[in-house]
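Please find the structures below.
Next come two complexes, and both contain subunit A; in the first it sits with subunit B, in the second with subunit C.
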Partner chain A sequence: MSLQLTVPEGVAPGAHFQWRPVRPPRGRDEQSAAGRAAVAAALAESGSTDLVVPREPDGRPRFPPGFAGAIAHTDRVAVAVVVPGAEAVGVDIEDAVISPRVARFVLRDRERAALLRPAGAYSARDLFAAKEAAFKALCSLGGGGGLGGPDQFLFWWIELDQTDATLVASYRGVSVPVWVRSEPRLSLAVAIRR
Partner chain B sequence: MDRDIFDVVDKLFRQRLQLPELDPDRRLVDYGLDSVRSVDLIVEMEDRFDVSISDEQAGSMVTLRDVVATVTAALTVSVGQGHPEK
Partner chain C sequence: MVEARARIRALLLDMFGPDSFVTELADTVSLREGGVSSAALVSLLVAMEDEFGFEWQDDVAPEALRSISSLAGHVASLPA
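On to the complex of A and B.
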């Protein structure tokens, strides 16, 4: 598995991506450290002098004003994205195997029929990551996540549609484009609200 | 809290999170429960207990104790639905 993915085509040039490996033994502490390092690098590259991202009480990262961003990690790699001037950003990387049962739970019939391979262009893991990234970008609408957060809305409630070459995620009338990059063992999804 | 259900749920979550023990009142996200494993555990519990867990229930499960309570409630509903004449 490559350490990092190429940034998906079409993502705004103002988006700053930074990747950091998770060091052994790759537990929660190491994953968090890799995330913090990636965030600090992405913020510095974006021009922010504030390179620390504290956590809100609910666990969400609080980026400096004017530097919207997001963090994601697997147990091997962390990625941070900062988009100066954006309203909100979401990112997700997934290396997990998404079983058909989990795909049926998370994806609507219409989404599976239109977006999943072979009819569509995406794997279940791609679409899972897309919903997760969109969820982070839409969290300011009030969101939980499922099994671990407040119950305003759950990431699988987000709807995905294909518009031209871009996925569009929406929830309660608010839409956000989602760019997806897929490799055999890893999917990266980025959602940016302007 | 139903002890039998707790034992099954506790074992299942410990296995998935690869932890020797879990505080039933600690937030599961604090143990590193991510979205993939969250959904995977929801469908696993649905299959194992033959119940249906609603989105609202899934969203309200913050701790292991919440999970046990939800499964217990879902089992009660399931039994009730299975014997409507009662």
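On to the complex of A and C.
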């Protein structure tokens, strides 16, 4: 399995992606180290001189001002994306098997009917990743964007709609476009609010 | 509460294995910060519906899902 996905079409130029493998034994420490390495590389590529991303008390990464970004990892690979000048960025990579029961839990009837294959273009894992990426972006909005932080709402409360080739995720009137790239065992979702 | 916490921990051990981080995960520690992914959290919530015989409501307070203790507290608050 490839540990690196091609960046989804439509993600604008100026988005800097970096991938790092998670070293054995692939525990939490190794996953965090891979995330930090990916972030440092993405920030450097973006032109930031500050390459360290501390954690907010609620666990959110705090990127340098002007360099919105996000981090995600599985137990095998970490990815960081930095979009200079963006208002908010979210990313998720997902390799979990999303059972029909879990899909029903996180996706509304309307979302399953319109977006899931075969009627739609997405797997349940794609849409799970899309909601997670959007959740990170919406939580990183300045002042919480009026939505509050990650302890104030749940990622499956976000609603997904299809517009052209892009998903739009929204919660309480705040929206963010989400791009998804899917391979047989891994989904990448990127949410960027400019 | 004690029994509910033990049953929730047992569900996590079923998911992650007997030698996993779950053995050292304190009842009050954030599941997310403790290493439970979003996909695993939702799987746990679904397993809890079967284990305890209830359905999560859409308007559940996020803090109820924070830790083993808060999940057990939610179970304890359910009507008998």
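Just so it is clear, the second predicted complex is superposed on the first by the 182 of 194 C-alpha atoms of A that agree within 3 Å, B and C clash if a C-alpha of one lies under 4 Å from a C-alpha of the other, contacts with A are read in each partner's own complex, and residues count from 1 in each chain.
Here is the rule we use: a contact is a pair of C-beta atoms (placed from the backbone, for glycine too) under 8 Å apart; a residue touches a chain by one contact, two chains touch by 3 or more.
Only a predicted model underlies this, so the values are computations on that prediction, with no experimental measurement involved.
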Q) Looking at subunit A, which partner touches more of its residues: subunit C or subunit B? A) B
(Q) I'd like to know which partner A:F155 touches here: subunit B for first, subunit C for second, both or neither. (A) both
Q | Which superposed partner A:G59 touches (first subunit B, second subunit C, both, neither) | A | both
Q | Contacts on subunit A seen with subunit B and repeated with subunit C across the two complexes | A | 28, 59, 94, 96, 98-99, 101-102, 105-106, 128, 132, 150-157
Q. Which residues of subunit A touch subunit B in the complex?
A. 28, 31, 59, 94, 96, 98-99, 101-102, 105-106, 128, 132, 144-157
Q: Enumerate the contact residues on subunit B facing subunit A in the complex.
A: 27-29, 32-33, 35-43, 47, 55-56, 58-62, 67
Q: Under the touch definition given earlier, write down the residues of subunit A that touch subunit C in their complex.
A: 27-28, 59, 94, 96, 98-99, 101-102, 105-106, 128, 132, 150-157
Q | Complex contact set, residues of subunit C against subunit A | A | 21, 30, 32-33, 35, 37-40, 42-43, 45-46, 56, 58, 60, 62-63, 65-66
